[in-house]
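There are two complexes below, and they share chain A, which is joined by chain B in the first and by chain C in the second.
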Partner chain A sequence: MNETTGGIEDGDGSGIVKKFMFVNRKAPYGTIYALEGLEVVLISAAFDQDVSMVFLDDGVYQLAKGQHTKAIDVKNFSPTYRALEGYDIEKLYVERESLEIRGLNAGDLLVPVEVLSSAAMGDLMKTQDVVIGF
Partner chain B sequence: MLHIVNKSPFENTTLASCLRVACKGGGGALLLIEDGVYAATKNSIAGNVVRSAMGDIQVYALWPDVEARGIQDRVLEGVKMVDYGGFVDLVVEHSNVQSWL
Partner chain C sequence: MVNEGPYTHQASDSAYLFAKATLEKGHQIHRVFFYHDGVNNATRLTEPPQDDRNVVTRWSKLAEDHGVDLVVCVAAAMRRGIRDENLAPGFRISGLGQLVESGIQADRLVVFGD
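Up next, the complex of A and B:
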(Lines of atoms letter the chains of each structure in order from A and count residues from 1; the text may use other names and numbers.)
(Lines give C-alpha, C1' and ligand atoms only; values in the text may rest on other atoms or scores of the structure.)
Protein backbone atom coordinates (compact mmCIF):
# COMPACT_ATOMS: atom_id res chain seq x y z
CA MET A 1 0.00 0.00 0.00
CA ASN A 2 2.63 2.42 -1.05
CA GLU A 3 0.77 4.96 -3.11
CA THR A 4 -1.85 7.28 -1.73
CA THR A 5 -2.88 10.02 -4.06
CA GLY A 6 -5.38 11.73 -1.78
CA GLY A 7 -7.29 14.67 -3.09
CA ILE A 8 -10.83 13.67 -2.19
CA GLU A 9 -12.68 16.49 -0.48
CA ASP A 10 -15.05 14.96 2.00
CA GLY A 11 -15.78 17.95 4.14
CA ASP A 12 -13.11 17.50 6.77
CA GLY A 13 -10.06 17.29 4.55
CA SER A 14 -8.84 14.83 1.98
CA GLY A 15 -9.44 11.10 1.90
CA ILE A 16 -7.22 8.27 0.72
CA VAL A 17 -7.77 6.90 -2.75
CA LYS A 18 -6.74 3.32 -3.37
CA LYS A 19 -6.62 1.39 -6.60
CA PHE A 20 -9.31 -1.28 -6.54
CA MET A 21 -9.55 -3.89 -9.27
CA PHE A 22 -12.60 -6.11 -9.58
CA VAL A 23 -11.89 -9.24 -11.60
CA ASN A 24 -14.98 -10.83 -13.17
CA ARG A 25 -14.54 -14.37 -14.42
CA LYS A 26 -18.02 -15.89 -14.43
CA ALA A 27 -20.81 -15.92 -17.00
CA PRO A 28 -23.82 -13.80 -16.00
CA TYR A 29 -26.79 -16.07 -15.19
CA GLY A 30 -25.49 -19.54 -14.29
CA THR A 31 -24.29 -18.30 -10.91
CA ILE A 32 -24.87 -15.21 -8.80
CA TYR A 33 -21.24 -14.06 -8.94
CA ALA A 34 -21.58 -11.62 -11.82
CA LEU A 35 -24.55 -9.78 -10.35
CA GLU A 36 -23.03 -9.70 -6.87
CA GLY A 37 -19.76 -8.41 -8.29
CA LEU A 38 -21.57 -5.65 -10.11
CA GLU A 39 -23.39 -4.67 -6.91
CA VAL A 40 -20.09 -4.41 -5.06
CA VAL A 41 -18.60 -2.25 -7.79
CA LEU A 42 -21.56 0.11 -7.61
CA ILE A 43 -21.19 0.33 -3.83
CA SER A 44 -17.48 1.05 -4.19
CA ALA A 45 -18.35 4.01 -6.42
CA ALA A 46 -19.86 5.71 -3.39
CA PHE A 47 -16.41 5.77 -1.76
CA ASP A 48 -14.67 7.68 -4.56
CA GLN A 49 -11.97 5.11 -5.11
CA ASP A 50 -9.88 4.43 -8.21
CA VAL A 51 -11.89 1.50 -9.56
CA SER A 52 -11.08 -0.77 -12.49
CA MET A 53 -13.19 -3.66 -13.73
CA VAL A 54 -11.58 -6.58 -15.52
CA PHE A 55 -13.38 -9.22 -17.55
CA LEU A 56 -11.59 -12.52 -18.01
CA ASP A 57 -12.63 -16.02 -19.08
CA ASP A 58 -16.44 -16.47 -19.08
CA GLY A 59 -16.66 -13.05 -17.44
CA VAL A 60 -16.53 -11.53 -20.92
CA TYR A 61 -20.03 -12.92 -21.51
CA GLN A 62 -21.32 -10.44 -18.91
CA LEU A 63 -20.73 -7.70 -21.48
CA ALA A 64 -22.25 -9.44 -24.49
CA LYS A 65 -24.80 -7.45 -26.44
CA GLY A 66 -28.32 -8.74 -26.89
CA GLN A 67 -29.08 -10.34 -23.53
CA HIS A 68 -32.80 -11.14 -23.16
CA THR A 69 -33.67 -12.87 -19.90
CA LYS A 70 -37.45 -12.68 -19.76
CA ALA A 71 -37.96 -16.37 -20.49
CA ILE A 72 -35.67 -17.49 -17.67
CA ASP A 73 -37.38 -15.15 -15.24
CA VAL A 74 -34.17 -13.48 -14.13
CA LYS A 75 -33.42 -9.79 -14.17
CA ASN A 76 -31.36 -8.71 -17.16
CA PHE A 77 -28.68 -6.66 -15.45
CA SER A 78 -26.56 -6.09 -18.53
CA PRO A 79 -27.83 -2.51 -19.08
CA THR A 80 -26.24 -1.65 -15.74
CA TYR A 81 -22.78 -1.89 -17.29
CA ARG A 82 -23.72 1.02 -19.53
CA ALA A 83 -24.63 3.04 -16.44
CA LEU A 84 -21.23 2.60 -14.80
CA GLU A 85 -19.89 5.66 -16.58
CA GLY A 86 -22.41 7.73 -14.64
CA TYR A 87 -20.78 6.52 -11.43
CA ASP A 88 -17.32 7.50 -12.71
CA ILE A 89 -16.38 3.88 -13.29
CA GLU A 90 -14.80 4.21 -16.68
CA LYS A 91 -11.91 1.77 -16.57
CA LEU A 92 -13.18 -1.43 -18.12
CA TYR A 93 -10.61 -3.92 -19.34
CA VAL A 94 -11.17 -7.14 -21.26
CA GLU A 95 -8.55 -9.76 -21.96
CA ARG A 96 -8.04 -10.34 -25.69
CA GLU A 97 -7.39 -14.08 -25.31
CA SER A 98 -10.68 -14.58 -23.46
CA LEU A 99 -12.56 -12.85 -26.28
CA GLU A 100 -10.78 -14.73 -29.05
CA ILE A 101 -11.30 -18.16 -27.49
CA ARG A 102 -15.04 -17.43 -27.45
CA GLY A 103 -15.20 -16.04 -30.98
CA LEU A 104 -15.97 -12.53 -29.73
CA ASN A 105 -14.47 -9.13 -30.38
CA ALA A 106 -14.90 -5.70 -28.80
CA GLY A 107 -17.73 -4.93 -31.23
CA ASP A 108 -19.84 -7.69 -29.65
CA LEU A 109 -19.76 -5.94 -26.27
CA LEU A 110 -22.35 -3.51 -24.99
CA VAL A 111 -19.90 -0.95 -23.60
CA PRO A 112 -16.63 0.50 -24.85
CA VAL A 113 -13.74 -1.35 -23.23
CA GLU A 114 -9.99 -1.44 -23.44
CA VAL A 115 -8.82 -4.79 -24.80
CA LEU A 116 -5.54 -5.94 -23.25
CA SER A 117 -3.23 -8.89 -23.80
CA SER A 118 -2.84 -11.24 -20.85
CA ALA A 119 0.65 -9.82 -20.27
CA ALA A 120 -0.66 -6.26 -20.12
CA MET A 121 -3.46 -7.44 -17.84
CA GLY A 122 -0.91 -9.00 -15.51
CA ASP A 123 1.07 -5.77 -15.40
CA LEU A 124 -2.04 -3.76 -14.62
CA MET A 125 -3.04 -6.17 -11.87
CA LYS A 126 0.34 -5.78 -10.19
CA THR A 127 -0.15 -2.05 -9.81
CA GLN A 128 -3.35 -2.39 -7.75
CA ASP A 129 -3.68 -1.87 -4.01
CA VAL A 130 -6.61 -4.27 -3.74
CA VAL A 131 -7.74 -7.03 -6.11
CA ILE A 132 -11.14 -8.63 -5.59
CA GLY A 133 -12.34 -11.54 -7.67
CA PHE A 134 -15.83 -12.68 -8.58
CA MET B 1 1.96 -10.14 -6.33
CA LEU B 2 0.54 -13.36 -4.83
CA HIS B 3 -1.92 -15.49 -6.83
CA ILE B 4 -3.99 -18.15 -5.06
CA VAL B 5 -5.63 -21.03 -6.94
CA ASN B 6 -8.06 -23.42 -5.20
CA LYS B 7 -9.52 -25.37 -8.14
CA SER B 8 -8.40 -28.67 -9.62
CA PRO B 9 -6.63 -28.01 -12.93
CA PHE B 10 -8.28 -31.12 -14.36
CA GLU B 11 -11.84 -29.86 -14.25
CA ASN B 12 -11.39 -26.12 -14.41
CA THR B 13 -9.38 -23.60 -16.44
CA THR B 14 -8.63 -21.36 -13.46
CA LEU B 15 -4.97 -22.34 -13.18
CA ALA B 16 -4.42 -21.78 -16.90
CA SER B 17 -6.01 -18.34 -16.70
CA CYS B 18 -3.96 -17.44 -13.67
CA LEU B 19 -0.69 -18.47 -15.29
CA ARG B 20 -1.58 -16.70 -18.54
CA VAL B 21 -1.98 -13.42 -16.69
CA ALA B 22 0.53 -13.84 -13.89
CA CYS B 23 3.60 -15.28 -15.56
CA LYS B 24 4.69 -12.32 -17.63
CA GLY B 25 7.13 -10.02 -15.92
CA GLY B 26 8.14 -12.40 -13.17
CA GLY B 27 8.56 -11.69 -9.50
CA GLY B 28 5.20 -13.10 -8.53
CA ALA B 29 4.14 -16.09 -6.48
CA LEU B 30 1.52 -18.80 -6.92
CA LEU B 31 0.02 -20.57 -3.91
CA LEU B 32 -1.96 -23.76 -4.58
CA ILE B 33 -4.60 -24.59 -1.97
CA GLU B 34 -7.56 -26.97 -1.63
CA ASP B 35 -8.10 -28.89 -4.90
CA GLY B 36 -5.58 -26.57 -6.53
CA VAL B 37 -2.78 -28.66 -5.01
CA TYR B 38 -3.37 -31.38 -7.61
CA ALA B 39 -1.56 -29.05 -10.01
CA ALA B 40 1.61 -29.69 -8.04
CA THR B 41 1.75 -33.41 -8.88
CA LYS B 42 4.57 -34.57 -11.11
CA ASN B 43 4.05 -36.62 -14.28
CA SER B 44 0.65 -35.01 -14.75
CA ILE B 45 -0.35 -32.65 -17.53
CA ALA B 46 -1.05 -29.90 -15.03
CA GLY B 47 2.22 -30.58 -13.23
CA ASN B 48 4.10 -30.10 -16.49
CA VAL B 49 2.39 -26.76 -16.99
CA VAL B 50 3.32 -25.68 -13.48
CA ARG B 51 6.90 -26.84 -13.94
CA SER B 52 7.32 -24.77 -17.08
CA ALA B 53 5.87 -21.74 -15.28
CA MET B 54 8.40 -22.01 -12.49
CA GLY B 55 10.92 -19.87 -14.35
CA ASP B 56 8.49 -16.97 -14.15
CA ILE B 57 6.75 -17.51 -10.85
CA GLN B 58 7.58 -19.02 -7.46
CA VAL B 59 5.21 -21.89 -6.66
CA TYR B 60 3.96 -22.86 -3.20
CA ALA B 61 1.43 -25.45 -2.03
CA LEU B 62 -0.46 -25.63 1.24
CA TRP B 63 0.88 -28.68 3.04
CA PRO B 64 -2.28 -29.59 4.97
CA ASP B 65 -4.19 -29.76 1.67
CA VAL B 66 -1.40 -31.76 0.00
CA GLU B 67 -1.28 -34.24 2.84
CA ALA B 68 -5.05 -34.53 3.09
CA ARG B 69 -5.16 -35.64 -0.55
CA GLY B 70 -2.28 -38.13 -0.22
CA ILE B 71 -0.17 -36.56 -2.93
CA GLN B 72 2.82 -35.69 -0.76
CA ASP B 73 5.05 -38.33 -2.38
CA ARG B 74 4.25 -37.13 -5.89
CA VAL B 75 4.85 -33.42 -5.47
CA LEU B 76 6.74 -31.67 -8.24
CA GLU B 77 10.31 -30.73 -7.38
CA GLY B 78 10.67 -27.03 -6.69
CA VAL B 79 7.21 -26.55 -5.20
CA LYS B 80 7.64 -25.15 -1.72
CA MET B 81 5.36 -26.38 1.05
CA VAL B 82 3.82 -23.90 3.46
CA ASP B 83 1.63 -24.43 6.50
CA TYR B 84 -1.13 -22.05 7.58
CA GLY B 85 1.41 -19.71 9.16
CA GLY B 86 3.38 -19.72 5.90
CA PHE B 87 0.18 -18.87 4.05
CA VAL B 88 -0.20 -15.78 6.22
CA ASP B 89 3.45 -14.87 5.68
CA LEU B 90 3.01 -15.02 1.91
CA VAL B 91 0.00 -12.73 2.06
CA VAL B 92 1.93 -10.26 4.21
CA GLU B 93 5.07 -10.36 2.04
CA HIS B 94 3.27 -9.45 -1.17
CA SER B 95 1.88 -6.06 -2.04
CA ASN B 96 -1.43 -7.52 -3.21
CA VAL B 97 -3.28 -10.81 -3.69
CA GLN B 98 -5.61 -12.22 -6.31
CA SER B 99 -7.71 -15.24 -5.33
CA TRP B 100 -8.70 -16.99 -8.54
CA LEU B 101 -12.04 -18.31 -7.28
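Up next, the complex of A and C:
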Protein backbone atom coordinates (compact mmCIF):
# COMPACT_ATOMS: atom_id res chain seq x y z
CA MET A 1 0.00 0.00 0.00
CA ASN A 2 1.17 3.48 -0.75
CA GLU A 3 1.34 5.21 2.62
CA THR A 4 1.15 8.69 1.18
CA THR A 5 -2.12 8.42 -0.66
CA GLY A 6 -3.64 5.63 1.38
CA GLY A 7 -3.48 3.11 -1.43
CA ILE A 8 -5.20 5.32 -3.95
CA GLU A 9 -2.70 5.84 -6.72
CA ASP A 10 -4.26 8.02 -9.37
CA GLY A 11 -7.66 9.49 -8.73
CA ASP A 12 -10.33 7.38 -7.11
CA GLY A 13 -11.56 5.93 -10.37
CA SER A 14 -14.92 7.67 -10.07
CA GLY A 15 -14.24 10.27 -12.72
CA ILE A 16 -15.84 12.91 -10.48
CA VAL A 17 -14.11 16.28 -10.56
CA LYS A 18 -14.94 18.61 -7.69
CA LYS A 19 -13.81 22.08 -6.80
CA PHE A 20 -11.50 21.82 -3.80
CA MET A 21 -10.46 25.03 -2.08
CA PHE A 22 -7.79 25.05 0.60
CA VAL A 23 -7.95 28.14 2.79
CA ASN A 24 -4.73 29.07 4.55
CA ARG A 25 -5.22 31.52 7.39
CA LYS A 26 -2.25 31.04 9.69
CA ALA A 27 1.38 32.18 9.75
CA PRO A 28 3.84 29.65 8.29
CA TYR A 29 5.68 29.09 11.58
CA GLY A 30 4.50 29.02 15.18
CA THR A 31 1.98 26.26 14.45
CA ILE A 32 2.08 23.28 12.10
CA TYR A 33 -1.14 24.07 10.24
CA ALA A 34 0.49 25.64 7.19
CA LEU A 35 3.03 22.85 6.71
CA GLU A 36 0.58 19.99 7.17
CA GLY A 37 -2.02 21.85 5.12
CA LEU A 38 0.40 22.04 2.23
CA GLU A 39 0.83 18.27 2.43
CA VAL A 40 -2.91 17.81 1.85
CA VAL A 41 -2.80 20.15 -1.14
CA LEU A 42 0.05 18.20 -2.73
CA ILE A 43 -1.78 14.87 -2.24
CA SER A 44 -4.95 16.32 -3.74
CA ALA A 45 -3.02 16.94 -6.96
CA ALA A 46 -2.92 13.17 -7.53
CA PHE A 47 -6.72 13.03 -7.72
CA ASP A 48 -7.27 15.17 -10.82
CA GLN A 49 -9.53 17.61 -9.00
CA ASP A 50 -10.07 21.33 -9.59
CA VAL A 51 -7.82 22.62 -6.79
CA SER A 52 -7.35 26.20 -5.62
CA MET A 53 -5.59 27.76 -2.66
CA VAL A 54 -6.56 30.86 -0.75
CA PHE A 55 -4.33 32.91 1.52
CA LEU A 56 -5.85 35.32 3.98
CA ASP A 57 -5.28 36.74 7.46
CA ASP A 58 -1.75 35.78 8.62
CA GLY A 59 -1.84 33.06 5.96
CA VAL A 60 -0.51 35.63 3.48
CA TYR A 61 2.85 35.38 5.29
CA GLN A 62 3.14 31.80 4.02
CA LEU A 63 3.91 33.24 0.58
CA ALA A 64 6.25 36.01 1.75
CA LYS A 65 9.67 36.16 0.12
CA GLY A 66 12.79 35.90 2.21
CA GLN A 67 11.83 33.39 4.89
CA HIS A 68 14.80 32.46 7.09
CA THR A 69 14.13 29.84 9.72
CA LYS A 70 17.56 28.63 10.76
CA ALA A 71 17.52 30.50 14.05
CA ILE A 72 14.27 28.83 15.16
CA ASP A 73 15.44 25.37 14.01
CA VAL A 74 12.38 24.81 11.84
CA LYS A 75 12.47 23.73 8.20
CA ASN A 76 11.86 26.54 5.72
CA PHE A 77 9.21 24.95 3.52
CA SER A 78 8.43 28.08 1.50
CA PRO A 79 10.22 26.77 -1.65
CA THR A 80 7.39 24.20 -1.88
CA TYR A 81 4.98 26.95 -2.92
CA ARG A 82 7.11 27.54 -5.99
CA ALA A 83 6.81 23.84 -6.84
CA LEU A 84 2.99 23.91 -6.86
CA GLU A 85 2.96 24.82 -10.54
CA GLY A 86 4.61 21.46 -11.27
CA TYR A 87 1.64 19.79 -9.62
CA ASP A 88 -0.77 21.75 -11.82
CA ILE A 89 -1.90 23.77 -8.82
CA GLU A 90 -1.96 27.22 -10.34
CA LYS A 91 -5.03 28.86 -8.84
CA LEU A 92 -3.62 30.86 -5.96
CA TYR A 93 -5.79 33.63 -4.51
CA VAL A 94 -4.73 36.18 -1.92
CA GLU A 95 -7.09 38.51 -0.10
CA ARG A 96 -6.30 42.16 -0.77
CA GLU A 97 -7.32 43.40 2.67
CA SER A 98 -5.06 40.86 4.39
CA LEU A 99 -2.08 42.05 2.34
CA GLU A 100 -2.78 45.75 2.84
CA ILE A 101 -3.24 45.58 6.59
CA ARG A 102 0.16 43.89 6.83
CA GLY A 103 1.92 46.38 4.54
CA LEU A 104 2.44 43.79 1.81
CA ASN A 105 1.71 43.70 -1.89
CA ALA A 106 1.80 41.03 -4.59
CA GLY A 107 5.43 41.90 -5.33
CA ASP A 108 6.45 40.69 -1.86
CA LEU A 109 5.22 37.18 -2.62
CA LEU A 110 7.14 34.11 -3.82
CA VAL A 111 4.76 33.14 -6.60
CA PRO A 112 2.33 34.83 -8.99
CA VAL A 113 -1.11 35.12 -7.40
CA GLU A 114 -4.47 36.65 -8.10
CA VAL A 115 -5.32 39.32 -5.55
CA LEU A 116 -9.03 39.46 -4.74
CA SER A 117 -11.13 41.67 -2.51
CA SER A 118 -12.75 40.08 0.51
CA ALA A 119 -16.14 40.23 -1.24
CA ALA A 120 -14.81 38.61 -4.43
CA MET A 121 -13.16 35.91 -2.30
CA GLY A 122 -16.50 35.22 -0.66
CA ASP A 123 -18.17 34.86 -4.05
CA LEU A 124 -15.46 32.44 -5.16
CA MET A 125 -15.92 30.34 -2.02
CA LYS A 126 -19.62 30.02 -2.75
CA THR A 127 -18.80 28.23 -6.02
CA GLN A 128 -16.71 25.50 -4.33
CA ASP A 129 -17.72 21.91 -3.57
CA VAL A 130 -15.21 21.29 -0.78
CA VAL A 131 -13.60 23.98 1.38
CA ILE A 132 -10.92 22.92 3.86
CA GLY A 133 -9.35 25.50 6.13
CA PHE A 134 -5.96 25.32 7.79
CA MET B 1 -12.34 16.10 9.51
CA VAL B 2 -11.07 16.59 13.06
CA ASN B 3 -8.04 18.86 13.34
CA GLU B 4 -7.53 19.27 17.08
CA GLY B 5 -6.61 16.98 19.93
CA PRO B 6 -9.00 15.93 22.72
CA TYR B 7 -9.67 17.97 25.88
CA THR B 8 -7.50 20.99 24.98
CA HIS B 9 -9.93 21.93 22.25
CA GLN B 10 -13.65 21.47 21.65
CA ALA B 11 -13.24 20.34 18.03
CA SER B 12 -13.37 16.62 18.77
CA ASP B 13 -16.41 17.01 21.06
CA SER B 14 -18.24 19.07 18.46
CA ALA B 15 -17.37 16.61 15.71
CA TYR B 16 -18.55 13.67 17.79
CA LEU B 17 -21.84 15.33 18.78
CA PHE B 18 -22.40 16.41 15.17
CA ALA B 19 -21.67 12.88 13.91
CA LYS B 20 -24.05 11.36 16.44
CA ALA B 21 -26.85 13.81 15.59
CA THR B 22 -26.25 13.23 11.89
CA LEU B 23 -26.64 9.46 12.25
CA GLU B 24 -29.75 9.89 14.38
CA LYS B 25 -31.29 11.94 11.57
CA GLY B 26 -30.66 9.06 9.17
CA HIS B 27 -27.67 10.43 7.28
CA GLN B 28 -24.60 8.37 6.43
CA ILE B 29 -21.05 9.20 7.47
CA HIS B 30 -18.54 8.18 4.85
CA ARG B 31 -15.55 8.65 7.13
CA VAL B 32 -14.07 10.66 9.99
CA PHE B 33 -10.53 11.79 9.20
CA PHE B 34 -8.17 12.84 11.99
CA TYR B 35 -5.40 15.28 11.11
CA HIS B 36 -2.93 17.66 12.81
CA ASP B 37 -3.22 17.14 16.62
CA GLY B 38 -6.55 15.44 15.88
CA VAL B 39 -4.60 12.19 15.63
CA ASN B 40 -4.33 12.29 19.44
CA ASN B 41 -8.01 11.33 19.57
CA ALA B 42 -6.96 7.85 18.52
CA THR B 43 -4.70 6.69 21.34
CA ARG B 44 -6.05 3.99 23.64
CA LEU B 45 -3.64 5.16 26.36
CA THR B 46 -5.93 8.11 27.09
CA GLU B 47 -7.24 7.98 30.65
CA PRO B 48 -9.34 10.99 31.72
CA PRO B 49 -10.63 11.42 35.30
CA GLN B 50 -13.65 9.20 35.98
CA ASP B 51 -16.09 12.09 36.25
CA ASP B 52 -15.18 13.34 32.76
CA ARG B 53 -16.20 12.09 29.31
CA ASN B 54 -13.83 9.72 27.54
CA VAL B 55 -13.40 11.29 24.13
CA VAL B 56 -11.46 8.34 22.69
CA THR B 57 -13.77 5.49 23.75
CA ARG B 58 -16.74 7.57 22.61
CA TRP B 59 -15.33 7.55 19.05
CA SER B 60 -14.59 3.82 19.31
CA LYS B 61 -18.19 3.13 20.32
CA LEU B 62 -19.50 5.20 17.42
CA ALA B 63 -17.40 3.07 15.07
CA GLU B 64 -18.65 -0.14 16.69
CA ASP B 65 -22.33 0.85 16.75
CA HIS B 66 -22.56 2.47 13.33
CA GLY B 67 -19.59 1.13 11.37
CA VAL B 68 -18.11 4.60 10.99
CA ASP B 69 -14.66 4.53 9.36
CA LEU B 70 -12.22 6.36 11.68
CA VAL B 71 -9.02 7.16 9.79
CA VAL B 72 -5.87 8.67 11.27
CA CYS B 73 -3.34 10.33 8.94
CA VAL B 74 -0.14 8.29 8.94
CA ALA B 75 2.30 11.21 8.60
CA ALA B 76 0.60 13.29 11.29
CA ALA B 77 0.34 10.21 13.53
CA MET B 78 4.01 9.26 13.22
CA ARG B 79 5.07 12.80 14.13
CA ARG B 80 3.04 12.52 17.32
CA GLY B 81 3.74 8.96 18.45
CA ILE B 82 0.43 7.44 17.37
CA ARG B 83 1.02 3.95 16.02
CA ASP B 84 -0.87 0.68 15.51
CA GLU B 85 0.40 -0.46 18.94
CA ASN B 86 -1.46 2.28 20.81
CA LEU B 87 -4.44 2.72 18.50
CA ALA B 88 -7.88 2.55 20.13
CA PRO B 89 -10.49 0.11 18.69
CA GLY B 90 -12.25 1.25 15.54
CA PHE B 91 -9.43 3.52 14.33
CA ARG B 92 -7.07 2.75 11.46
CA ILE B 93 -4.00 4.52 10.14
CA SER B 94 -3.88 5.48 6.47
CA GLY B 95 -2.87 8.25 4.08
CA LEU B 96 -4.13 11.72 3.22
CA GLY B 97 -5.63 10.30 0.05
CA GLN B 98 -8.44 8.99 2.24
CA LEU B 99 -9.38 12.57 3.12
CA VAL B 100 -9.40 13.71 -0.51
CA GLU B 101 -11.40 10.62 -1.49
CA SER B 102 -14.01 11.50 1.16
CA GLY B 103 -14.21 15.02 -0.26
CA ILE B 104 -14.92 13.54 -3.66
CA GLN B 105 -17.39 10.86 -2.57
CA ALA B 106 -19.41 12.60 0.16
CA ASP B 107 -22.07 15.27 -0.36
CA ARG B 108 -20.49 17.37 2.38
CA LEU B 109 -17.11 17.54 4.06
CA VAL B 110 -17.24 19.24 7.45
CA VAL B 111 -14.09 20.51 9.15
CA PHE B 112 -13.79 20.78 12.93
CA GLY B 113 -10.94 22.89 14.27
CA ASP B 114 -9.68 26.45 14.41
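Convention: the second predicted complex is superposed on the first by the 120 of 134 C-alpha atoms of A that agree within 3 Å, B and C clash if a C-alpha of one lies under 4 Å from a C-alpha of the other, contacts with A are read in each partner's own complex, and residues count from 1 in each chain.
Quick note on the criterion: contacts are C-beta pairs under 8 Å (C-beta built on N, C-alpha and C of every residue); 3 or more make two chains touch, one makes a residue touch a chain.
All of these numbers come straight from a predicted model, not from anything done at the bench.
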item: Chain B versus chain C as contact partner of A:Val130, first or second or both or neither; value: both
item: First (chain B), second (chain C), both or neither touched by A:Ile32; value: second
item: First, second, both or neither for A:Ala46, with chain B first and chain C second; value: second
item: Partner chain in contact with A:Gly122 - chain B first, chain C second, else both or neither; value: first
item: Partner chain(s) touched by A:Glu97 [first = chain B, second = chain C, both, neither]; value: first
item: Which of chain B and chain C A:Asp108 touches, first, second, both or neither; value: neither
item: Overlap of the chain B and chain C footprints on chain A, listed as residue numbers; value: 2, 33, 129-131, 133-134
item: Interface residues, chain C side, partner chain A - complex; value: 1, 3, 35-36, 71, 74-76, 94-101, 103-105, 109, 111, 113-114
item: Residue ranges of chain B in contact with chain A within the complex; value: 1, 13-14, 17, 20-25, 28, 95-101
item: Residues of chain A that touch chain B when the two form their complex; value: 1-2, 23, 25, 33, 56-57, 95, 97-98, 118-119, 121-123, 125-126, 128-131, 133-134
item: Touching residues (chain side chain A, partner chain C) in the complex; value: 2-8, 12, 14, 16, 18, 20, 32-33, 36, 39-40, 43-44, 46-47, 49, 129-134
